[in-house]
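What follows is a pair of complexes built around chain A, which joins chain B in one and chain C in the other.
Showing the complex of A and B:
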């Protein structure tokens, strides 16, 4: 399945684009996606934290991703 | 699940200057004896470096959703809350600009201080907004690295 991942802040700068489309195995988990992205973009592994959001909610590590989910990579937030 | 608020609240994300008075007004209630507000502004120094300006980036749909969640969590902890109003700005901000306003009202003042502090503290932990500080000689994404 194809997943589209939106990127923000320093994660967007590390990857060099504001979204990524990647092919993932069915049943790919949030943790699996993070592992794959950290391998492809090692600078992501140096961040203080990195979360996956699915449909506007923070996703637990074992959450399964689906093709039509709105997926985003959330580097350490610093609003306020 | 719906994004509709379960009680009166103003939740706003804007790339325009925040109308502070309007946010305070939104927090008023005839049932409240206290309106408490936090106003976050852009500071000219950070860890000893002179800050020229700030760039805020947001993930708008999730930021709005999480702001509502924060307000609803505050309501669970302080059921006496009468109004919650939050406005956060994004885009490029200059020194002294208002970046965020949180305003709440409660019948008595102690609850309003506590609820307002909880909302801004929790906002800074969970709402997907990112701040990049611009110095005379470079930029840094705040808190990105350990």
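Showing the complex of A and C:
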């Protein structure tokens, strides 16, 4: 299945675009997606806190993803 | 009770059934602490002062710089070099002379945060670094205060209200404090000048709602704004049984260490007030000045030893290993490098860098 992921903050800088689409196995979990992205973009692995949102809900590691889910990677930002 | 002039001033609030005289009185009795009088703090302070929040605390150790002016709209060129809290209070008194402005010209730290937060009902976070954000979260959990949080990055902003009426905390959303390397601040990263205005006014809105008990507070939800795509989204999140318990007494104090002195390395620092305390103690640390001889001649701290940074590696044997050492320079950059060198290659473990250098240490 194809998953589209919106990127925010420094995650956007690392990937170089505001969203990306990737193919994932059926039943892929939020943690699995994150692991895959961290392999593809090693700089993402250095981000200790990176919230995964699925359909505007904070996703626990084991949340199962589906095609057409609205997925976002949200790191904390600190500017003031 | 309000005077006729106050009635007139706050008429548009008094006309709202949801606020009215009772609400306006709540605002007057409210005590709100704003941490950071920068890009976010300026609009927050402006609107809360104008709204008639009776006691506003301003906490910031910084002085106004020319680079602040495009987004920190309480300040003008005449304020450059002045303490932000003082310049802000002058502007706020012009805006609303009826409120009480309490100035805290200090960096919020583990040593002072409890006493500071305890004096207020609501805390608004407009700070510019992660250690302060985790520190304020944990203090608000310890003391049971709601935390109206806002943060910005280039063209994006985030707002949420943490620890409100049993709701989730900052740590429920972001359990792990980011490392220094992944935390660029506004001093090193650009920012669209109106962005803190947009985010700060949303924080002010939520702070008013919290004080007034109005509507649905942005608790358990993170509001995200991306100005470039003009997209907003609201992310729902829950209280985490473990993370929500972490407070000043139970969290790891390493989360509060400010590693922003150098962008690339984690450096141990202390603040000007912490140094003052140490110097007054029975066994004060050795002061090491790593600037040049001319700078040293112009001004140095009493008893300091001069060892210019370029010579440090060759003359490191002169730095004692069995006595605490505090390294300083003009603004904290060279001393951070010196401490990185001493703690890294040279294996010292009792060496700290004076954050902000002599510029933050009035003579």
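Please note the rule applied: the second predicted complex is superposed on the first by the 76 of 80 C-alpha atoms of A that agree within 3 Å, B and C clash if a C-alpha of one lies under 4 Å from a C-alpha of the other, contacts with A are read in each partner's own complex, and residues count from 1 in each chain.
By our rule, a residue touches a chain if its C-beta (ideal position, glycine included) is under 8 Å from a C-beta of that chain, and two chains touch if they have at least 3 such contacts.
Source: prediction; values computed, not measured.
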Which of chain B and chain C A:18 touches, first, second, both or neither: second
Which of chain B and chain C A:8 touches, first, second, both or neither: both
Which superposed partner A:32 touches (first chain B, second chain C, both, neither): neither
First (chain B), second (chain C), both or neither touched by A:76: both
Chain A residues contacted in one complex by chain B, in the other by chain C: 8-10, 46-48, 53, 56-58, 72, 74-80
Chain A to chain C touching residues, read off their complex: 8-10, 18, 46-49, 51, 53, 56-58, 72, 74-80
Sites on chain B touched by chain A in the complex: 40, 56-59, 61-63, 65-66, 88, 99-100, 120, 123-132, 141-146
Interfacial residue positions of chain A with respect to chain B in the complex: 6, 8-10, 12-13, 46-48, 53, 56-58, 70, 72, 74-80
Residue ranges of chain C touching chain A (in the complex, touch as defined): 36, 38-41, 125-130, 133, 150-153, 156-158, 173-179, 181-186, 189, 191, 196, 222, 224, 226, 228-229, 233-238
